[in-house]
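Note that chain A is present in both complexes that follow, paired respectively with chain B and with chain C.
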Partner chain A sequence: MMRKTVTTKLLGSMRGFPSHRVNYAVNAVARELIKSRELENDELRPLYMDFQATTPMDPRVLDAMLPYQVNYYGNPHSRTHAYGWESESAMEKARKQVADLIAADPREIVFTSGATESNNMSIKGVARFYKSKKKHVITTQTEHKCVLDSCRVLEAEGFDITYLPVKTNGLVDLQLLEETIRQDTSLVSVMTVNNEIGVRQPVEDIGRICRSRNVFFHTDAAQAVGKIPINVSDWKVDLMSISGHKIYGPKGVGALYVRRRPRVRMEPLQNGGGQERGLRSGTVPTPLAVGLGAACDIAQQELEYDHSRVSMLANRLVRKIMSEIPDVVMNGDPEQRYPGCINLSFAYVEGESLLMALKDVALSSGSACTSASLEPSYVLRAIGTDEDLAHSSIRFGIGRFSTEAEVDYTADKCIQQVKRLREMSPLWEMVQEGIDLKSIKWTQH
Partner chain B sequence: MAASTAQVLSLYRKLMKESSKFPSYNYRTYALRRVQDAFRANRSVEDPKMVEQLLNQGRDNLDMIRRQVGLPQTHAHTHTLVHVRTKLFQQGLKYFDAHSKILFFHHNNFSKEMFSINRPT
Partner chain C sequence: MAVSAGVRSSVGLTLRLSRVIPDCSTCPFNRLNSYLNGIASSSNVDRFRTSNRHLQTSKGLYHSEAGASAEDPQEEVVNVVYIDRSGQRIPVKAKVGDNAMYLAHRHNIELEGACEASLACSTCHVYVNRDHVDKLPEPDEREDDMLDMAPALQENSRLGCQIILTQELEGIELTLPKVTRNFYVDGHVPKPH
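And then the complex of A and B:
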């Protein structure tokens, strides 16, 4: 009865239609109302294509963590009883698993609360330790916000920071880096894989340059660990930040690799009982550390399989989109990249409206930590993208759990919505007529 | 004890059966695909020690999947759009776009506008 009145309100009286059609319509509306209730209860959820923002936990990681959440809850720093001993051995096992992934020694790994804390620790810690003799720090313009913000804080403390520009393909100019390193440079910080455009920096060359000039090299490898093979000795990296929730591990944990030979000295940010070599005091969260270790272990085993699969899916997505619609630009170097992070700019389409139109796919334009502001991403600005193209960029993230069906759906939906939005765009009409947009003199009102 | 083909096949069947019980679409498809690819990749392994080791790994994974699938699933039910769309397609509905809320009827073109529904606020 209620269903009929609601349906009548939505469809009108339906007079004159044959009864089987009316019944079909009423049933369809009822199903639809159920679906909208489901959406409200979050039962029909969007496809997840934002693997750079965070990743779902691998079931194997959760399986490793559960015993330490429920039964083996001891503090790993308790020396006097079995709860402490078993917790400590689990933590040390996790430390070894993390170290093995990056070809480091377990004693060089410090557990932190995430890559943001690791970045803060390394930049502020190293710079402040060598403050008396070395006052210069070099970083790039495309770094993560936490690195740039830490550098800003150091500037306020009296340090000299150089924010290196990047080339239009997103890579650092090695010549420029060599020229910028001074006698009083203590640290160079360049991220391995960018989280917005997926570009992979020439870390081996940067490491070689820094080692030859006796400068510490820090790299934020949050997006790279477990996705590309990493060897801190070959790369000559002194400090490396690792994030748990980017490699199918738990949120709230990360690690920092701090080289012991030659020793990297740093001032600790967090003081206390001297845990983690005195660099990061505080109880190590055993379940989270175990989760991080398991995630690293799994990542090492699955590295090749995941990489080939992600590359295949990424190629599928990009080829499909670029073959169907014109005027699509991929931001960042096409070769030196991690395939799972694709940043596409659709000309003559507004990025936010495209995101809203693609509501049933979880996507992002720019990184999660800057998506609240209305400005286009600073990374895109740094690689020299035009203002209008920077506003129309979308980041597609593909990961271990993505399927062909999801990628196909995303591509189809994207193509359909871009075409629809371009139909509505006067700029697109003008371009179709052959008018050069740069030659237009816009009048002031 | 030499591992026989029957053992390998039995383990494969068990893994596939358990993997198909994951409520989450992404986990389920990943597990099914990964098990299949792992067995295919190791198809031509001859060394019996290696075979035994791989089988033990498989058994450990089977236990893990059983535990994960058996976790209380009160909040874990996630039907994603792709999952639902394939189900609807199988039921004979031609196309259902959950967001734009337009049901396309196969036969009546004029009724496309008729049945466009605004989401009740």
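And then the complex of A and C:
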């Protein structure tokens, strides 16, 4: 009702037009306005099963942040008055909370705008600092886009980058890594938990190898922090990227762990007044930093419980789906993984059509940053998935706020829709008849 | 020299007269002496830095102002080359135990030293030439922290106020970086304090 009056006013004076035309115009504008909101007949919001893309903010984090948005608004780098001092002490408290989660020293934490910035800083910064003697960087083919893009930029600058292939279970081959490290390798970057297939790399072993060969080890732990126990000293990690919005914290903030002993030097990406140890100049956003700190604190307390609960829900989902329908492949190692990220390929079903069919569950087929592109995920290609299977994969994300009912509904709906889509699929028909699809010669029309 | 000897003896006289048990640990002269002795015995205990040059009673100051004279034993002279911002090479003769930053100040080389060697800034940041960078002792954690803040950091960067010259560092070349954390884009260089 109110929408109609608002749009009528917006259209200004539509004098001289017949009333049915005005109504049509009003409805068209109303439809434009409401396109971004819920559908008109108060349809329920979809179930959120995409916890790898982002996570809702924990209400306790919001509680911690709000005073710093409203009342304690001082710049933490203002040395001369109480507004600055109170903001600075909140920022330092948050720094300690982040450090405690990964068993680091607070002085080793640098606040950034997110894991993408942290990854850019570490890879470009370390490589450029040591470029006079060391020109080689090693990474894997399953890294996040920001890591791969940073490496591409370095390649254009004249560095030598090795993109290590991974085994079919998604894990890095340690033997191959040892052989690839050269005298002039400055950095190895391997992510802890993959955001698309959920595999957990053997970071302890990689850290040990890198330390013994005197190479810096960077790991993108955005999906791992607060979900699995992390100890940067045990793991012998030199640089670690942390993301706020993956651990029920605010969006727009992250952190980078930079080891002090032995000291890691990097060329800063963002220059200015020398804040954050000169590595990332710029005012630290106190509310966001406080939010990140609170999220890390909560994650540390809830880690064990969350992990066991997510494992239970994940097992429930996978067992249900795999027992009801055949020809479902779980991508990535079944043991070495974070349980909350499940990537399943449903053979003979197109992934996008399955997503559309499951429109009341929010899922994704691959990572959010590549969901706009039409190519199948490069991560799935790297683990050797057939192209057809790669097109049919869906990523299920389970997190702190997922309920059993949601998981059951998702599993049931998924089973139902896969069966329906397979009924329609000619490939499925052929397979049922026993034809080997690989032997078919497809002709052009 | 004579002045310092006079001061030392008068202090001793006062202490003897008042029968106070001298608490040598607080007196700056004691720390300076132990520092000089420390250099001779190459120990790293209590590296005292004179923060006020007027109190500096070290032999180093006296002799280096006069330049290397015939009576100096040859072993004590260390040749240092400063390469300033314009690329000009400035050879300087120094004594063992000299501080690289104060040496530069005495020879009017534009090396800033905002915090006067108290490890609180990065303005005396210099690049050490490759041959000598490994001969310097490992930086203290506080020095590393301050170096983190220096712009245009390189692998061979050190803080000039922490480089104490020894015979081993003969021929060391210290290059001044183009900028310091005091950003003056108009070319202004603050005078030494």
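Note that in this section the second predicted complex is superposed on the first by the 403 of 445 C-alpha atoms of A that agree within 3 Å, B and C clash if a C-alpha of one lies under 4 Å from a C-alpha of the other, contacts with A are read in each partner's own complex, and residues count from 1 in each chain.
As a working rule, contacts are C-beta pairs under 8 Å (C-beta built on N, C-alpha and C of every residue); 3 or more make two chains touch, one makes a residue touch a chain.
Bear in mind the structure is a predicted one, so any value in this text is a computation, not a measurement.
Asks: Is A:R208 contacted by the first partner chain B, the second partner chain C, both or neither?
Replies: It touches nothing on chain B or chain C.
Asks: Applying the document's definition of touch, where does A:K251 land relative to chain B and chain C: first, second, both, or neither?
Replies: In the superposed model, A:K251 contacts neither chain B nor chain C.
Asks: Could you let me know whether more residues of chain A are touched by chain B or by chain C?
Replies: The partner with more contacted residues on chain A is B.
Asks: Does chain B (first) or chain C (second) touch A:F401, or do both, or does neither?
Replies: In the superposed model, A:F401 contacts chain B only, not chain C.
Asks: After lining up the shared chain so the two structures overlap, which partner does A:G278 touch, if you call chain B first and chain C second: first, second, both or neither?
Replies: Once the two structures are laid over each other on A, A:G278 reaches chain C alone.
Asks: Between chain B (first) and chain C (second), which, if any, makes contact with A:P56: first, second, both or neither?
Replies: In the superposition, A:P56 contacts chain B only.
Asks: In the superposed view, which residues of chain A touch chain B and also chain C?
Replies: Dual-contact residues (chain A): none.
Asks: Can you list the chain B residues touching chain A in their complex?
Replies: 22, 25-27, 29-31, 34, 37, 61, 64-65, 67-68, 77-82, 84-86, 98-99, 101, 103, 114-115, 117-120
Asks: List the residues on chain A that touch chain B in their complex, please.
Replies: 6, 10-11, 25, 28-29, 32-33, 35-36, 38-39, 43-48, 56, 59-60, 62-63, 305, 359-360, 400-403, 405-406, 409
Asks: Looking at the complex, which residues from chain C come into contact with chain A?
Replies: Residue list for chain C touching chain A: 141, 144-145, 148-151, 153-155, 181.
Asks: What does chain A use to touch chain C in their complex?
Replies: 107, 129-130, 132-133, 260-261, 263, 265, 267, 271, 274, 277-279
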